[in-house]
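Okay, structure first, notes after.
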Amino acid sequence: MSDLTQLIGGLPILSMITLLPFVGALLIALLPSSRPSLIRVAALAVSFITFVLSLLMLPGIREFSSEFAFSEQISWIPSFGITYHLGVDGLSGALVVLTTLLSWICILASFGPIQNRVKEYFISFLILETGMLGVFLSLDLFLFYIFWEIVLVPMYLIIGIWGGADRIYATIKFVLYTLVGSLLMLVAILATAFSHQAATGSWTGAFDLIALRGTITDPTLQALAFGAFALAFAIKVPMFPFHTWLPDAHVQAPTAGSVILAGVLLKLGGYGFLRFAIPLFPQAAQDFAPLIIALSVIAIIYGAIVAIVQTDLKKLIAYSSVSHMGFVTLGIFSFNQQGVDGAILQMLNHGLITSGLFLLVGIGYERTHDREIAKMGGWASRTPVYAALFGFFLFASVGLPGLSGFAGEFLVLLGAFLVNPMVAGAATLVMILAAVYLLWMYQRIFTGPLSPFLKGLGSHLTDVTPIEIATLAPLAAMIVAFGILPSLLTNAFATSVAQFLMYASGGLIQ
Amino acid sequence: MNVFNTLIRAASEGGEPAAQLPEYAPLLLILPLAGFLFTAAIGRRLGKLAHLVPLGAIVATWGIAMSLAIPALLGDLGEHGASSELFTWIASGSLTFNMGIHVDALTGALLLVVTTVGALVHLYSVGYMSHDPGYWRFFAYLNLFMFSMLLLVLANNLLVVFAAWELVGLSSYLLIGFWYTKREPGLAAKKAFITNRVGDVGFALGLMGLVAVFGTLDISTILAGVEAGQLAGPAATVIALLIFCGAVGKSAQFPLHVWLPDAMEGPTPVSALIHAATMVNAGVYLVARMSPPFAASHEAMLVVAAIGIFTAIFAASIAFTQTDIKRVLAFSTLSQLGYMFAALGVGAWVPAIFHLITHGFFKGLLFLGSGSVIHAVEGEQEMPKMGGLARKIPITYATMLIGTVAIAGLPPLAGFWSKDEILGEAFKFGYAWVWLVGMVVAGATAFYMFRLMGLTFWGKSRVSESVHVHESPWTMTLPLILLAIPSIGIGALLGFPFADGILVHGLEPIFHPANVLLGHEHEAWTLFGIDGLLMLASVTVASIGTVIGVRLFRSDNGDRIRAITARLQPLYVGSKNRWFFDDLNDLIFVRLGTRLANAAWWFDRRVVDGAVNGVGTLTSTGGRGLRQIQTGRVQNYAFGIALGLAAMAVAYLVIGS
Amino acid sequence: MPLPDTLPLIGITWADALFMMLGGVTIAASLFVVLGRDIIRNGLMLILALGALAGIYVMLGAAILAGAQVLVYIGAISVLILFAIMLTQSKAAPAKLTFQSQALPAALIASLLAIIFAITLGTNDWKATVFAGTPAPQGTTSTAAELFGPYLLAFEVVSVLILAAVIGGIYLAAIPRAGQIGAEDDEEVR
Amino acid sequence: MSGDLLTIAPLITVGLTAVAVLLSDGLTPNRRYAPIAVALAGLGLTSWILLQQSGGTVTALSGAYIGGPFVAYLGLLGSAVVAITLLISPDHLAARRYPSAEFAATLLFALCGAILVGASGDLVTLFIGLELMVIPGYILAGYAKRDPLSTEGAVKYFLLGSFSSAILLFGIVLLWGSTSTASLTEIATALTAAGAGLQPAVAMALALITTGVAFKIAAVPFHYWTPDAYQGSPTPITGYLSVGPKIGAFVLMIKIFLIALLPLAASWIPVVAILATATMTLGNLVALTQSNVKRMLAYSSIAHTGYLMVGIVAAGEGEASGIAGVLFYSVAYALMNLGAFAFLTAVQGRPGATVQLSDLAGLGRKHPMLALLAALFLLSLTGIPPTAGFFAKAYVILSAVQAGGIASVLAIVAVLNAAIAAFYYLRVVIYLFMRDPAEVEVQVATAPLLRAGLVVAAAGTLLLGLLPGGLIEAVVKAIAS
Amino acid sequence: MSQIAGHLEPYLVLAGILFSIGAFGFLARRNAISMLMSIELMLNAVNLSAVALGVFIPALVGQGIAFALLIIAVAAAEATVGLAIVIAIYRNRKTPLVDEYDTMRQ
């Protein structure tokens, strides 16, 4: 072990990462709301320190011999064996860094747009960060569920308070949809825990992921519990036909809300499948796989087709998310190395790329206060840098090789192909459709003569500011880096994938 | 640290039997990429000097390319060429896709065309684009394109080829849409990219098929595997055809040809470089590179030949009537690419690559020449508004005439050698129908090319009075002259003696596995046998086309032409409108597609989301209904209680008994 | 002169006859209570019904309970009720509007309940003793033993209950102090 | 005998406190807080006594009173409920010129009854305890006697309550007659001995008792009184009514159904399960359509009845954790519901004000802390972690899942209902934070006692959400007896 | 031997009928005081059954009357509170008709 790892290994680093934003939120609560700029800077500082901490954690992950590094386990509700159990591996480590990165980017991106109730906003955002990090780091089902639900509340407020005109409909829909799924998951978690208690006669470990994996043999419980978990995660991903909350939420959310929604919240679903649903209930997962694969392919194609005719920029990207996230579930349920590698890559890349696109849409909205594609046209002639950046993220989204989107999509398709070439064939069609909806959008917005609407904005139509570039640059750099060297990532979570595949194949059930 | 580890590991794992490339070989990629990054970053501030770095980069690249291509063609790099591994690109478990470069004679042939035409187009652009506000951007894009194209021909892994394939698509998109403030370039660029993607879907699936069969996308491993008979039967057909889809898209073969004529919206140097000399050849290169899988499937070969020759005649028939000078050349390009595919389809591998080379030069020349014409008449592209330019822009005229003769297939210029070989081999390998159609196309080509020359340069000037016609600057004419040289001589240089020239020597080992699979033997060329007869026939057909073309368009023969077109009215209208293929596409893909998408959107809102909202409505309607029972009257409440009591009593009595 | 064991002519025992009479009076008076239009007469009929019940208690040997019935119910509760009637019947009281619109369904459901009660309570195996003639008088001792034995706590608590009821009753029935207010009458209440 | 007195000391203390409250008011008529102080002191003493008694089970007075951890748990909960009610009410009542002495005394009498319900060992004591618990409720409902709504609610509550008391009582008498005993445990023994199949009278008794109990807990279709009585009562009293008598009624249900009638569980489980389903669903669906916040919370309390009934069904299936779930839920429900009503009390600073949803618009800007507390209570009612409400739901659902069978189906119904409930709870949050302020501003009461009540409820809600372990252990201990 | 009065069932059936009559009155009458009287009828029906059961079932001898006495006391308490509430609402509404107290509904 390196010195750094040893140093960090002695600290409750995961708790620090998880709870730091929350502590930050408490501190900000004590600041006077009359000093918004102080609050902004404080929030940025907290989230950035969290980011740095998460980076420091990263090198240590592979140096631990056990599956999960930096484990922390404290008894919490002893009567039921519920523990505060955190741990990190390559998969969650990558997602944690994605979360901490996007969090500070979002906070930075909110400096300008959020002028109203600044204090509450940043408190919500930091609590949201804690919730998301907790989901990725929890190894106790109960703890996981709690963080899962905690995520809901600040997001609800962020959409509902700082969102667009129709924000209340959107936020209610978001919460109810998510809640229906997650409550059933709660039932499944409790049922799973109880089955463990009934089998062993003790509550010890009944909620512990590590103890539970490979022990649930009752096929009915597997099927029902997997169904409940899968529903919760499918709604979050979101899979067709549970996706309709997403366009509304995206359209109404403030920019940073959209970014974090697309960048991290959707990943919670994919992560849930990888970490919980499938390793716990492998047999049921295998049984459900054809259905989920079919829905994934539908989502991939259907999301893209619907995206084509969207008139609102954010809605278009939202539907593209539906399409892209279809790859995640498709890859996971291919149950082979390529599919799962691809799915995880796709999660990370979608986090980077779509976040960038939403940031860009937000930047445009700041200037035009409109997202209607039909009103735009010829924008590139006024703001070339903006147009170029938009084009960059757009082509990353199209899946251009050399940028990060490609590797994930290709590996997923390859994984699917090895399972069923026809499925892969159908899903590959999205290569065309993605080009259609994105390029058509780009052409309508940025090329051609300047539209009267944009002309009417006159000098308000400025190019990107340094702060805005600062929010986009890290994303762009990572998109290029992981486009050229995706093997960096695949190596990082190789162990996680191997473990996943072992459990997914029911490796421990004899 | 990890980066280097990966690099080191990749390098040590690359235990290829082939020879190592010199260490500077990666510069072929690094130089253009660096040129692109540099120009993209600070080119805007360089103003009129923005071209220096990109141009220098490409010239240097040209030098390096020549230093590799010439030995490769001459066989000095070994029969199977040389390669060098760079790093692991994508790794997934035991499956890795490595980035590496490979140079053999086939690559050499491509390098020859790509870097030469590329360098000359860069030079040409210095003049052609000098007044454009996006000067620096143009050179950045060009360098990006060069990087992508070189990556495409150099890569030793099909996934990298695919990546490059997409990157050239991107460059093409950027360059077609270069004048983004106008509407049409944007549309054309989008159309090009999307149409290409249609083919790429097939390509990608083909790659997955190859992974499924071979567990790798390393080209040499795959080819060796095919040679060993690991790919045969329907699997071979399917995989070959899927890969061919990619080629059809990139090389604009029927039915994915629609993007290329529109791509002429881009600046003319782009048309010359990308849409005539290099990128469109990528499909030919790919099929040639993957010749063994194709050769393993007779059906696939037949499809390639049929699509190729159909495109050849189809495009030629359209070129007859087009009036935009660049469109005529575009359709001519389609037609010539069709030739190449026909050649590939009949197993005439070497002639296909030969034609690729010669066509690259003379078509590049013709496009640059047309650019010079357009430059001279201040942006006019319609030939009916030209005429009589021969004396006003003599260098352009002379070089274009050379190009025209070359494409017409008249000896001894470049086009003759390659075209003749294609037709001859098609006939000899038993594809008489390909030969027959090819002959017709040869004649037609000569005819419409001289029509172009006639309308542009001969007869009386129809140029508007206000236009001051002038010869182009040296940066533009020099490339024309430099391209005219290979247009004249490259055919003989590479192709003589027949069936035994440099190219045949260089490429024969590469196509050997495919030829073995096809059962093709290398035969000596006979002047006084079948070969001589075939050559005579093709020269005759070309001459006939030339004569008719020259006679009709030498001077102003408007009435006669109108009379002829009037007699052939239906054909004329069809040809003029590109056989309505764009309209058909528009109907099927744009209109019906939009309708389908709108239907899906309707479905999403009304059915999927409608169900969600419906549950909500149902719930609140239920709530409103249920609250009606709360009447506010105690007796009603008590009645409910009594009713519940009675019901419960009955229930318990039933349960209890 | 000893009375015959059974009622002359009809041949039913005196006890039965008494029970039928008292029961009949109870039911008839109760019916009048719930059906009669004049509420004051209803109150009086309630007293009658409760009195007849007291008679039945005597029959059952529960004299002490009968006493309590008369004292508490007839003496206190009924008078309280009559008093309340006086208080709340203004002259314009709509005496005719006796029944709810749901009177008919109420009759049906009440009949149903009565039938169910009759069937279930009548057919149940109670494991009860059957008395010849009137049941033996229940001594106050046994009642007292129960009341101050197992039910002592209940008995004591009932006193607390009555205390609470009295305090609450006084508070509620007392004339409100000035300034006591509530929600506006006409406010839209939904 | 003196041992018996010690055992029933909590009962005596509470009763005497009530008398002391009245006396203190008589002695110092113009001191508004004097009765409250006396009452709180008495409650403190009672709590201390209850804590002393939480060791083991003791019976007194021929088995009529069974003290021990169970009673201690309930007594402490009841004392807390009464204490919080006493904190949030007096200023609200005083602003409307209603006295607090009678109020405090009545509450204490009710607590006396509630403790008796928890401690009773036989049907008679149980019934008397129940009456002592609910009759003060009628008085409290009509406490604002000049308010037409309050008296209307009281009349409805009283009439229907008496009606159902008569029904319940008839059932109790029939059960007593059928089993020849009043003792709860002996009834169970007798019923077990009787074997399978219901005697007609037992079936009838079961029907009558189910009806009566269902009325007291406000289960559908016996819930009608709830919305009207709750809406009419003065707001802090509604808070008490929705918590105290309801929890007491559930204790009654535990006593009757899970002790005396446990042998008949197979018969009543389907019935109670159907009632639970109807209760959750109707409560939530109708709450969804309410615009008066108080009435909405009234319907929501019906829904919570349904969730609690899930625990009863689970317990009927033989899972002791069902009772534990109910007991835990009771505490959580008490805290969050009292908190929510305390919040409503606070926004009814102006006498005569009703609380419509629209009145709350934009409250988050003017009174951020108050709105934040409100949001906490509402999130807890929704069942979102980390709040008490979440653990309560999880506990009940866990017991249902453990029980399997009908109970596990109920678990699904319960969570789906929780999602519906989220809609209307969160709608309040929307009004608080996401709407622009209303034109007519609500007047917020800022009495220190009220604030203290709010803070106590909020602290409890949050503490139980973060560290539920201690209470879970207490619950397990309580039901072990 | 008496056919009726010596058996338990007739008393219980009488109680059941009385209870039902009371229930009917409660459901059908409009006047609050009429409803109160109906409740008294119901409680008396319960009392009757308690006494009868206490008399006829040997194990319950003595208990029945004690029970009934307690019930009477409870009924008295209820009546006190109930009448007070009725008087209070009458002050507000000036009508004893309960079905007119329907300000709060739905």
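A few notes on this one:
First chain written, first letter: the chains are A, B, C, D and E, and each begins at residue 1.
One rule holds for everything that comes next: a contact is a pair of C-beta atoms (placed from the backbone, for glycine too) under 8 Å apart; a residue touches a chain by one contact, two chains touch by 3 or more.
In this text the structure is predicted, and so the values were computed from the model without any measurement.
When every chain is represented by the mean of its C-alpha atoms, the one lying closest to the mean of all protein C-alpha atoms is A. Chain centres here are C-alpha means, and the one lying farthest from subunit D is B. Comparing the CA-atom centres of all chains against that of subunit E, the greatest distance is found for B. Across the structure, the highest number of inter-chain C-beta contacts is found for C-E.
Averaged C-alpha coordinates put the centre of subunit A at 42 Å from the centre of subunit D. Mean C-alpha positions place subunit B and subunit E at a centre distance of 97 Å. With centres set at the average Cα position, the gap from subunit C to subunit D is 31 Å. One inter-chain figure worth recording: subunit A and subunit B are separated by 37 Å, centre to centre, where each centre is the mean of the chain's CA atoms. Each of the following residues of subunit B touches two or more other chains: 627, 630, 632-636, 638-639, 642-643, 645, 649, 653.
Taken residue by residue, subunit D touches two or more other chains at 124, 128, 131, 135, 138-139, 142, 145-149, 154-156, 159, 163, 167, 174, 177, 180, 182, 199-200, 203-204, 227-228, 231, 290, 295, 423, whereas all remaining positions touch fewer. Among all residues of subunit C, those that touch two or more other chains are 100, 102, 106, 109-110, 113, 116-117, 120-121, 124, 126-127, 150-151, 154, 158, 161, 164-165, 168-169, 171-172, 176, 189-190. Remark: the chains found to touch one another pair up as A-B, A-D, B-C, B-D, B-E, C-D, C-E, D-E.
Taken in their complex, subunit A has these residues touching subunit B: 173, 176-177, 240-241, 243-245, 302, 305-306, 308-310, 337-338, 341-342, 378, 380-381, 395, 400-402, 406-407, 410-411, 413-414, 417-418, 421, 424-425, 428-429, 431-432, 435-436, 439-440, 442-443, 446-450, 484-488, 490-491, 494, 497.
Within the complex, the subunit C residues that touch subunit D are 116-117, 119-121, 123-127, 149-154, 157-158, 160-161, 163-165, 167-169, 171-172, 176-185, 187, 189-190. Residue ranges on subunit A touching subunit D, taken from their complex, read 76-80, 117, 120, 145-146, 149-150, 152-153, 156-157, 160-161, 167-168, 171-172, 175-176, 179-180, 183-184, 186-187, 190-191, 193-194, 198.
Contacts from subunit E toward subunit C in the complex involve residues 1-25, 27-34, 36-38, 40-41, 44, 47-49, 51-58, 61-70, 72-81, 83-88, 90-91, 94, 96-97, 99, 103-104, 106. By the touch rule above, subunit B contacts subunit A in their complex via residues 2-3, 6, 87-96, 159, 162-164, 166-167, 170, 173, 177, 180-183, 185-187, 189-190, 193-194, 197-198, 200-201, 204-205, 208-209, 211-212, 593-594, 596-598, 600-601, 604, 608-609, 611-612, 616.
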